[in-house]
Amino acid sequence: MSIKAGVVGAAGFAGIEAVRLLLSHPSFELRAITSSELAHTPLSEVYPAFEGVTDLRFVSHDDPSLAQCDVVFLAVPHTAALETAPEFIERGVTVIDLSADFRLKDPAAYEAWYKVPHTQTKLLARAAFGLPELTGGELQRAADQQKQGTPALVACAGCYPTATSLAAAPAVRAGFVRPDAPIVVDAISGVTGAGKKATQRTHFCFADQNVEAYGVGTHRHAPEIEQILQAPGRVVFTPHLAPLGRGLLSTVTLQLTPDAPRDIQAYIELYRNSYKESPFVAVLDAGKQPRTASVAGTNRAHIGLALSEPAHVLVATGAIDNLGKGAAGQAVQCANIVFGLPQDAGLAGVALSV
Amino acid sequence: MSIKAGVVGAAGFAGIEAVRLLLSHPSFELRAITSSELAHTPLSEVYPAFEGVTDLRFVSHDDPSLAQCDVVFLAVPHTAALETAPEFIERGVTVIDLSADFRLKDPAAYEAWYKVPHTQTKLLARAAFGLPELTGGELQRAADQQKQGTPALVACAGCYPTATSLAAAPAVRAGFVRPDAPIVVDAISGVTGAGKKATQRTHFCFADQNVEAYGVGTHRHAPEIEQILQAPGRVVFTPHLAPLGRGLLSTVTLQLTPDAPRDIQAYIELYRNSYKESPFVAVLDAGKQPRTASVAGTNRAHIGLALSEPAHVLVATGAIDNLGKGAAGQAVQCANIVFGLPQDAGLAGVALSV
Amino acid sequence: MSIKAGVVGAAGFAGIEAVRLLLSHPSFELRAITSSELAHTPLSEVYPAFEGVTDLRFVSHDDPSLAQCDVVFLAVPHTAALETAPEFIERGVTVIDLSADFRLKDPAAYEAWYKVPHTQTKLLARAAFGLPELTGGELQRAADQQKQGTPALVACAGCYPTATSLAAAPAVRAGFVRPDAPIVVDAISGVTGAGKKATQRTHFCFADQNVEAYGVGTHRHAPEIEQILQAPGRVVFTPHLAPLGRGLLSTVTLQLTPDAPRDIQAYIELYRNSYKESPFVAVLDAGKQPRTASVAGTNRAHIGLALSEPAHVLVATGAIDNLGKGAAGQAVQCANIVFGLPQDAGLAGVALSV
Amino acid sequence: MSIKAGVVGAAGFAGIEAVRLLLSHPSFELRAITSSELAHTPLSEVYPAFEGVTDLRFVSHDDPSLAQCDVVFLAVPHTAALETAPEFIERGVTVIDLSADFRLKDPAAYEAWYKVPHTQTKLLARAAFGLPELTGGELQRAADQQKQGTPALVACAGCYPTATSLAAAPAVRAGFVRPDAPIVVDAISGVTGAGKKATQRTHFCFADQNVEAYGVGTHRHAPEIEQILQAPGRVVFTPHLAPLGRGLLSTVTLQLTPDAPRDIQAYIELYRNSYKESPFVAVLDAGKQPRTASVAGTNRAHIGLALSEPAHVLVATGAIDNLGKGAAGQAVQCANIVFGLPQDAGLAGVALSV
């Protein structure tokens, strides 16, 4: 089976990673890659990794080849998907959206955080949230509809919410976390997370040899995490930028209920059980901590768990590649599910060990 | 005035930074640098930055030149200072200790965390804790004694405790922090923090492009932070390693009392007032976050403050150079105070902007 | 077809990259990975990238499973292969040697540069030199013999010789280079080239933010380059270490004969023609220079060409991944050829664009 | 003595380093720092390293405070100094020019390489070339004139020419180098060398983990090197970009005359003798190679020498900080000389060892 695929916004970091994954995917056939600025330019001119590999050129966003696709991946800035997604859906094209536009179930929350009205509330209502390990039900429903001819719309989870929720959800869902206490999320991202735009912030000479926090108390991924964990108003989210390219580590501090286990092994078993169906999530042994380098370039997530006593707190850490499981990898995984493929089709790669 | 100084354990990372600072200090004269492994080797052979600058050679720990010093800086592993410090003190030599041996006021805490008996409890009782901005009184007493001929023993604060406490103390001391809630400290250190020993952990190919947590719930700096903040059992401390050389950022999440201000400006003023006598601490404007690169190679600390509502939490961030304000710089600052010099003598350097 | 493969010395950097490639190879089946130090340890404990991917454990070098392999990859220090290779060959096992032991055709040259006698001159005489784009004939003969039951011994080219020779050979072979002039090779390698051993040299804090030359006039890859280019005594080789993990760039300055073309396009066509059968080598357009990042993690090589007038010199640059085309990738490519597989089987990967 | 100084173009990388050096200089008093884009902005807002250190603000290029300076440092793009320098000189202000506008003695060469007419040939004729270790005579004449009231104009050497010439000049001047052979210069610069402008080239995600050559055969520093070494048409210059902030290493391959010594010690003595008056240049022992990290943040240069036989070639390597000895440090050194100060005034700093 060959499913015709397109990537809209293919020149950005998430987009180009989707292109890389789709070019070697056994079931998707990449037909169109768009970029408004780079239309007509060969892919290999912009990204020389593809030199000698493909003759693909960027096309404009309205290129007719897109309409012939079975599925499009939207790697566009937020609000842009609000316009683009409905057009594809109407034409019967499945949409895997990497933007934030269809993530927050509550349009009011979207409007509060993104400062624009949500113009597609109907579509929003039927969008599936794409974090397969935690929202598998929604994706299965989308897959069923897809089978019956209704094109799916998947709103893939953001990078920070993915790492954070994979690290926190099993404990929260098991009722081990105090429902009245803040959930403290301190996360660290590589510079690819800041995007392709050349700014002082992403300049090598300012980003290298530096660590800093940013968006403290105001980052738009906070409500997304709260939605997944069903913990409204409780997430205290502080992202940090560190001098590496790919990689995201989320350190989640969860205050436990008095009754929650005081033995780390109990949590490890709980987590392993939660993720036993996922080929991508590995829960490490007690005493080990995940390394972002060990998942870079892949769709994998490594989870570490430790107790901090006497405060009776669980420190759960989740490492992913922000462009992999945090963006393009997850998008392909969601597309696999929607189209009834094995969820790891084209995603079996292992990180470089060095 | 020329004060004769020696550095014991000068070949390690904190030691060599002390050497660099003392060589250009206006009042200290560096007479002896020791290393058991490198005795007799020229300094410039081990650290070529000193090529053409000095003819100093390493000597062994028991070199007679040490005994003629007015002050020694101990940059030795913990437990080693337990043996060394008393010998110097007995001979009338002031000791600035960069190790952990005299930091914890309670010998039982030392023994619990360091797994060895504290054999110098008498000396411990009169040691001054060296974090001048927060323990100025102890250092002033030490300076007074020094003036009267009693050699001071200063136990300089560790790197994580320094950044963390500078970020947290004013709010905690002002009573704005809930006394029943955990204090969550997620901190990130550059690889110099892991020391000079070549290991897989410090290998470029494993450290670069990687972020990971370590020592979760078990790091020995936790009790030190609890002592400074007077918050026994409440600190949840998770250190992380990031791919930069120098630099440490501590992100402290403080749950506020219901009555604590909800206006960030109140905290900024509180902090600026707390540090108004310190030439080294800068509290940034609201909306700004400290960059470790902006304090690298210096004895400075930058503090950032932000509120996260509705959780009513203060996120305080502190950036230092772990080898500067977190080790050798702080040691020189303490020595300045003890000897009645301006506290910024030899420490006025500004970080490279790029 | 499933060809049983083993990797001897699998815990080193070249070894583990061979493991990664073989684990996802369509025709080789990885049966044994050896490490004297790590025997019995699970692969994923040493290299967590394999967490959840494979249950393979390291075995000792003399594990019986090795003898049942059809092919072994030797990723061992030089001189070790002198002992190991003959044993495998005698047992009918094909040997793909990543060490230097069978590279220099002249045993005297080996002895002069490696300071040990070459004890396997008979085997040396029939070893094929493994740099398929330039020594395809030797490899084809080895493949023919293999087909007839004589196990091949391939001595894979070193990392610097690979990048350098790919950049220099077409011009040299075309007679455009002055036969009396030195060939100046200045090459830059990432730190993976320095190997897995933790030393001061590979310590993050010494390797990062630093560039230095090493082994000037004495590096053992010089005679290997001279052998490939048939330029005895003419190669002036200066390798450099730069702060990146993977990647090697060789800049070769070739003094041209007076008759050699003065139009860069002539060289570009010559090179493209030379490499037209290779799926891995891309010769860039005039004005472009290869980026090591664009070939990292792959078996690809990018070549850039520029003229420097009036000196009438060709500056040819070659970028490879030192662990890919410079080691494990090339080894797998050679094995593919020897076993009659498509030479890019299992090697089609494209570098991460960011 | 307090000499009033200004920096024009203070917000760029060379400019801000000049600011840092002048702020702590014992004899210069920094009165004005200009930036057309950032006029009125506090220095510490753009470069937070100065937070709490100074209240200086950027002013526009025509701010009256500049006219009251005794000396201005021009850290402006080439061609801009052609306009600015004469105005200052006319007003009696000494000019230390970091741009390329007054470096090439031959206006025709300037016009050929910079594609603009040289409109200040009269001024050019009396400009001193600023590379004190090699052009000390010119600078001394400028100092003499300055003493007599004629404001000096110093054209500071570029970064690549500085490292290259320091490494090559003693051998060339001693007549050991074949006058008919090319001088091959392969140099590696950190990303600060690419300037402050945020581009794809300086984006962390493209610059990190990458090495590449650029400007092969066309870089404007080639004629400058040829001028210093008096080797017209013979320099083959290939610069490379590597993933570090500060640091420049130039590897110069010099073909020796048959009569030139074959003992490395002869060269080392020659070089040490050549630089015996310079506090900044260290010639390393045989077998050692300079590390850029050991001179980063300083005005120092480390030189390494090695012979490559049988090709009878000297490989000379020079390491500097491109923003230090390669730009702002050298400018301050030249200003020191012109104003009759010790040439290392304000420049005695030693690199961080880690």
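Think of it as A, B, C and D in the order they're written, each chain with its own count starting at 1.
The rule we apply is simple: contacts are C-beta pairs under 8 Å (C-beta built on N, C-alpha and C of every residue); 3 or more make two chains touch, one makes a residue touch a chain.
Here the structure is a predicted model, which means the values were calculated and not measured.
Visitor: Comparing centres built from CA atoms, which chain ends up most distant from chain D?
Guide: Measuring from the centre of chain D, the most distant chain centre belongs to A.
Visitor: Quick check: more C-beta contact pairs in B-C or B-D?
Guide: Answer to which pair has more contacts is B-D.
Visitor: Please report how many Å separate the Cα centroid of chain C from that of chain D, as a whole number.
Guide: About 39 Å separates the centre of chain C from that of chain D.
Visitor: Cα centroid separation between chain B and chain D, in whole Å?
Guide: Those two chain centres are 37 Å apart.
Visitor: If you average the CA atoms of chain B and of chain C, how far apart do the two points sit, in angstrom?
Guide: Spacing between the chain centres: roughly 47 Å.
Visitor: Would you give the residues of chain D that are in contact with at least 2 other chains, written as numbers and ranges?
Guide: Residues 13, 192, 196, 205, 208-209, 243-246, 290-291, 293, 354.
Visitor: Mind pulling up the chain B residues that touch chain C in the complex?
Guide: 13, 191-192, 196, 198-200, 202-205, 207-209, 243-245
Visitor: Using the touch rule from the top, collect the residues of chain D that touch chain C in their complex.
Guide: 181-182, 184, 186, 188, 190, 205-206, 208-214, 216-217, 233-238, 240, 242-247, 249, 251, 253, 255, 289-293, 296, 304, 306-311, 313, 315, 317, 319, 354
Visitor: Please output the residues of chain C touching chain A within their complex, sorted ascending.
Guide: Against chain A, the touching part of chain C is residues 13, 16-17, 20, 23-24, 47-53, 192, 196, 209, 245-246, 279, 281-282, 284, 288, 290-291, 293-295, 297-298, 300, 302, 323, 348-354.
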